[in-house]
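Next, two complexes with chain A in common: one pairs it with chain B, the other with chain C.
Up next is the complex of A and B:
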């Protein structure tokens, strides 16, 4: 189990240039281990910058990143091992594919770890299953895959490193509803089977409400709220202030409740809502 | 590799930034001529003063202007030394064995340094710091448009320049993203021998080329869809009109040139031959 803790973290893009931007502003945060954590925020709120801190792609200008209590920048030479322990799937990761075959591409990470052929084979097959990619595609060129398949191949490329923490930056951006659903349900399955910590970045409240246990809300480089989803979604005013909104079904439920209908809060999916409404309807018959 | 900080353009709201880029190109040429008109102490002093005025007008921090001078520091030092030791004159200041230093040499050294420094500062302030590369290309297209009569494809060259300039920040941004993505998979770009380092570039170059070609293809299709067919009969979206105030700097530079010639004729202070 790996626990990530951020202490007074600040980061500036374009430091010491006329374009300097404070992308992260004294962030204090603990990412609970073994859970799915959702990082939500408006575009430009600093989500991508924050996740690039977690695996040492960017170095904080102030503050520390602790992985199991150890400052990851203390021994700079070991930064690669941090990247293997905290796997980061970047936004639009399909653009990172480069090998002749999907197999070789997924094997790139494990190979950089210095693993043997056999171990690599096992990991590639396992990660392909987790990412929901059909094994026939392994011998194809990654450039011949569809958009959704490329995305899953790229995710498999990170899972193959068996990171303790899997971080995904907008893993479903630009996909159709079925593609989104496929990515998320595979991630949930991966989480259940491996028990690893998963961090998902998104600005879709619907997706976050559905799949994440714990939510972190960001705005303008700061953490606005952190807590489980009931806690976060019960503060809809605060969410609206930072340009976010509670899921539509949850909103509908709140309106019904105001009308005196006995639905409780904490409903985040259409299925849950349907079930609840039907049961009330049946009772009223 | 900061995409927005591409080139040396320094964003600010200054009279020089607002000046029509075509005028700025002409001003630059005139300014270069001016710097070669200088012959004596007073005219060089005036030239140096004009460079300082330019910096003030452009509102670019002095730190950044000086940083632009850094690459030519060696040339500056070298010309200074050459002039000090090799210029022969009448006023001997210092002699030791075969080394003779004349007042003329010292003056010449200072003059050359002032000339080179003002040339760099002048072109920098008029063009690189205050004009975006795209505006500069447009200005050159306009100024060179008479060459179209001679069947020189001025518009096409300008369009290629514009597209290339537009692609540079895109590509550098993309390179950065791809590098980050591969680093996240443990790629190592900074260790190993030459061959190993070259090999480490493959995971960057392949996706970069693929996306650059895709992008170029998309752009060509998009231009095709909007019936782009080259320069003939094409008008600009933002037509620049030279305002009357834009002529003031032209007048000022002409005035500068005239005063320089006048000061040369007066011949006060030390004169270069």
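Up next is the complex of A and C:
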């Protein structure tokens, strides 16, 4: 378990050049321990920059990143251990697969941590299971896998370091519905079994509504909203204002509400909508 | 069908064996179908169902293992096809791929769009006119002198589309061209695609994983195990929710909601593809009971 806290954090792209842009603007944020947190915002809102702060890939120009109360940049030579504790799965991580076999690729992280052969083997097997990958694939070349399998192999490579916090930037982008489902349901399983903190960045409001306990909404380098699903999705007007899509069923509920049906905008899953409409229907019979 | 722009007869394709000795599994298996000129067809199917293979066969990036393909009345799988025939086919059948960063070649937007026609040796006045006209077709004329790498994903994809349009194709195949974009970028690209189809009459074949995008097409083809599993209007195809789910696909959220409400005993008769249609059905029933 580990808690990440950001204090007055700012970051500039192209700092001290004529093209300087403020990418993150005085961010104060606590990412709660042991939950699945979803980070949403349109392109350019600062999501990817923010997640690269969490494990010290980028260094803040102002403010601090605290991991369990400790400033991660206090002793610069310790930053490597922060990267083992906060595992970051970047966008399209399958482009970073490089080893001869899937096994070696997943083992790369643990090997760099200086672990022994046996420990590495245990961790590879564990992470393959968490990622929902068949163990038979371990001896194959990562380049012979399907797109969805490659993605899961890349995620397994990070899980194998047993990070306290797992951060994933668009883990399901470009996959078919079954591939998306496989990634998310495995993440939920990983979260439940390990109890670890998971942070997911995604554009898919439907997926965020389904899988995340806590949501953070960003716009123009600032946090504009944070709360649980009910809190965030009941503010669909605000979401639309910052250029976000709202789930299809939420749009449907808003149309019904306008037409005088007694539903509210806080409905964001098909099951909720089903229950609400059926109860109105049964009462009217 | 009066005027099939594309006609496919008994098409099969197998990839060569892979390094592990697997493979030789047919990706497309005795597929036959027709696509009408000017139509907008969405192709759905899970990863590995043969969608992209089909797209690459249509402009001879791949050659089939067996079967015939006719485009605009001409058999493109004919062994007598010359290199020039292939070039003219590719002019006619444009393709836009998934990754916006892999398709742009020049450092200025208008040079990128001009790349295709320049290679055809078209006079520069004509190129200038074409570049301006296609950039305005995709709503990117004001970016003509910008650098492509500074544009957003949706803008880059629209430049890629403009580059294809500059070849004056009759048909464009979009192979998951919105998959890497955010919701705003996806909408920009979908709006551009719809305009090309409705206003310019360009035949559109769109491979996608997004059911909400497929819902905008005239017709949906669902590929499964190398053949056509379902073929019909979005309304007809999405009616088959259990079948679609069994092959790793889905239906739009609202459509699924209507299906579940029907299963629970509400009578909701009519199309339920768009959000508006779904809202209308629910309103009718609830208001009737009130």
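We adopt the following convention: the second predicted complex is superposed on the first by the 255 of 285 C-alpha atoms of A that agree within 3 Å, B and C clash if a C-alpha of one lies under 4 Å from a C-alpha of the other, contacts with A are read in each partner's own complex, and residues count from 1 in each chain.
Going forward, a contact is a pair of C-beta atoms (placed from the backbone, for glycine too) under 8 Å apart; a residue touches a chain by one contact, two chains touch by 3 or more.
Just so it is clear, the structure is predicted and the values come from calculations on it, not from any experiment.
Trainee: Considering only touches as defined above, state whether A:206 meets chain B (first), chain C (second), both or neither.
Mentor: Touch partner of A:206: chain C, not chain B.
Trainee: So, does A:14 touch the first partner chain B, the second partner chain C, both, or neither?
Mentor: A:14: touches chain B, not chain C.
Trainee: Now for A:256: first (chain B), second (chain C), both, or neither, which partner does it touch?
Mentor: In the superposed model, A:256 contacts chain C only, not chain B.
Trainee: Which partner chains sit in contact with A:147 here, chain B, chain C, both or neither? Use first/second/both/neither.
Mentor: The second partner, chain C, only.
Trainee: Which stretch or stretches of chain C touch chain A in the complex?
Mentor: 18-20, 46-48, 98, 152-153, 176, 179-180, 182-185, 209, 211-212, 248-250, 252-254, 256-257, 260-261, 264, 266, 275-276, 278-279, 282-283, 285-286, 289-290
Trainee: Using the touch definition from the top, list the residues of chain A that touch chain B in their complex.
Mentor: Residues 14, 17-19, 52, 55, 57, 80, 83-84, 87-90, 93, 95-98, 108-109, 112-113, 143, 157-158, 161 of chain A touch chain B in their complex.
Trainee: Contact residues on chain A for chain C in the complex?
Mentor: Chain A residues touching chain C: 42-44, 140-141, 144, 146-148, 173-179, 203, 206, 243-245, 247-249, 251-252, 255-256, 259, 261, 270, 273-274, 277-278, 280-281, 284-285.
Trainee: Quick one: in the complex, what on chain B touches chain A?
Mentor: Against chain A, chain B makes touches at 2, 4-5, 10-11, 174, 177-178, 180-188, 202-203, 206-207, 210-211.
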